[in-house]
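A, B, C and D are the chain letters, set down in written order, and residue numbers restart from 1 in every chain.
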């Protein structure tokens, strides 16, 4: 298996299929969420704003350049596209990014925002995150403050990476998750794994009160 | 995109499709819920009483006038049709109304009935409600007392609007939600967003006990 | 609409369809649950033991007489068939009986077994139970002790009815619900309504701790 | 009904079908879980590592010998295959093994790991476990410590069996469940029953706090 950037047609197809799958799982309520893939010409394929992600069609995917500007279309990219371009710039092996907005992600982000991080330990499913080979480790998922001003969020993410701490995904307070991988299949696995781990932490908190 | 009243055939098709979608999400148990759209002749298309909303057919939609009286049919409109006609009268831009009856809506209505309102703040998804552009705002969802006498409910809704407070939807105690929008797609987005926000508030309440 | 007993072919079709619907809702785990309908010749159509109710076929329905003895088949009726025959004997207007086994039904039955009853009040959805026309009423769902000896359960149900208290369904401790109606559609509505009301009571109990 | 080992083609088909069913129920997140069946030549059919179990194809099933070594393929069996071969060695009547990884299984395993066992009593659905004929009994599901070194887990399971205590399935801490049966249908019923019982115990713990 190789992990190469895709051409636009393949990327649009993979993005639409991911949307239908994640939508059916309830991770993209009320036209929230956005998805992207790195293209073989250095541009990105990203979802246009405001669509029902569970009914996504390939025509709901547009092309932007590495700075998030629309290419060859008058469609408007989401304001959050800057978070996608940052991930591709900082993680050269990332070829797909998924931002979802589940209820568990939102609730956990609000609950753990004061701590700034959710720490997972002792879960076999940590091994579903690429690079993890044992449950005997700790996996940190940071929670950044929400803002309507994207450059502030970009700076917070940069600061985390620059500090040398590992980063496989992050939550935004009152909002959802961003995670990425070498292809769409790996990225979907990361979304599913984080969603599972977050739900387990919430369950254990309710049960241990 | 324009937001115009529909003809009966299109309205019946949109209403039946919304019923199947909301039914599959579990928002319309035991033949509860009712839906409507404003028609281009000033009448309304509304669901007939007592149908399984998840299996709604276009023939389960009837026509009523702006006062809620059946037009061209012997079918009986729901007693709650008066709440639909009120919304179209008070909100000239509303072209669709959805009343659903989820478990979270019912539970939250009972829990927040003494306060009379659920206040949402800090959720990114507040932006899914038309007119909201930032999570840095407050969104109030009033809870009105239940009654089998519809004019009482109509008066309570009128009083809220007349007080000048914004209104995007409301709960009835022990019952479900009413919300509306400029077309069916926007109204479905409002139902999904309120359902999500209500569930988050219930989750946080359980987790913060 | 008339409420008449069905012939065997129609009953088998209605029972299989109800099983697929209730199975998809998660109400019939691990081959639990059983369903029946009154036939126009005074016999009953009932599900055979041990089938996956979500994948029920018409050939998984057998005929028994009013005492629960197999008619024209060597298939073995469930031991719980006696609870079905009792319902048809005591409620002349009942033409369908559904016994399901959801997680909420099981959990609530254990929680409310010491009280012997769950009392619902203030829910609009009480009106989904035939005969209820307002939420301003009380709806009692008794919880009987479980036993592997069916005649004991039959006596407990008889004692409740003989005391003159209304009965629309009942729970068995650690087990599921029995409910009935004039046809399969009404009985399905009763199952959905009780499942909804039970879940609301459990939610409110968790939230009001 | 006879309970005989299957040939490879039938086993692969049964395993793929079980994966689709359990995946749809949410029991196999993020490519977790693995399944197997005993073959009529003494070998086993097992799932290859790392596949989405909800989209399992017959080509995702491989053959291993009774010691867990690949037979006639260069595909790599999961490290956990040793737990499957142990079950077939210790339980001569077992012809199918399912290992799933639901959220409830993971949460319960962590909560009950200090006690080392979950004891079920008073549930009618205990009768869904082969050999149980009444709810008036106790059903113990042990929770073993997780380890990346499979022989340690094998020893823990052997020690339980050698102590003479009955064993119908077991949890691994922070991980999922293993259960088995005389054919795939019985094993699926065991998974569904344990998942149901575990969820009920968690619910009751939340409700009785």
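Basically, a residue touches a chain if its C-beta (ideal position, glycine included) is under 8 Å from a C-beta of that chain, and two chains touch if they have at least 3 such contacts.
What you see is a predicted model, and the numbers here were worked out from it, not measured in a lab.
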item: Least step count from subunit B to subunit D, where 1 means the two chains touch; value: 2
item: Chains contacting each of subunit A and subunit C, listed by label; value: B, D
item: Computed distance of Cα centres, subunit C from subunit B, in Å; value: 32
item: Interface hub residues of subunit D, defined as touching at least two other chains; value: 206, 209
item: Touching residues (chain side subunit D, partner subunit A) in the complex; value: 29-32, 52, 101, 103, 106-107, 110-111, 146, 148, 172-176, 202, 205-206, 209
item: Subunit D-touching residues of subunit A, taken from the complex the two chains share; value: 122-125, 128, 133-136, 185, 189-190, 192-193, 195-196, 199-200, 203-204, 206-209
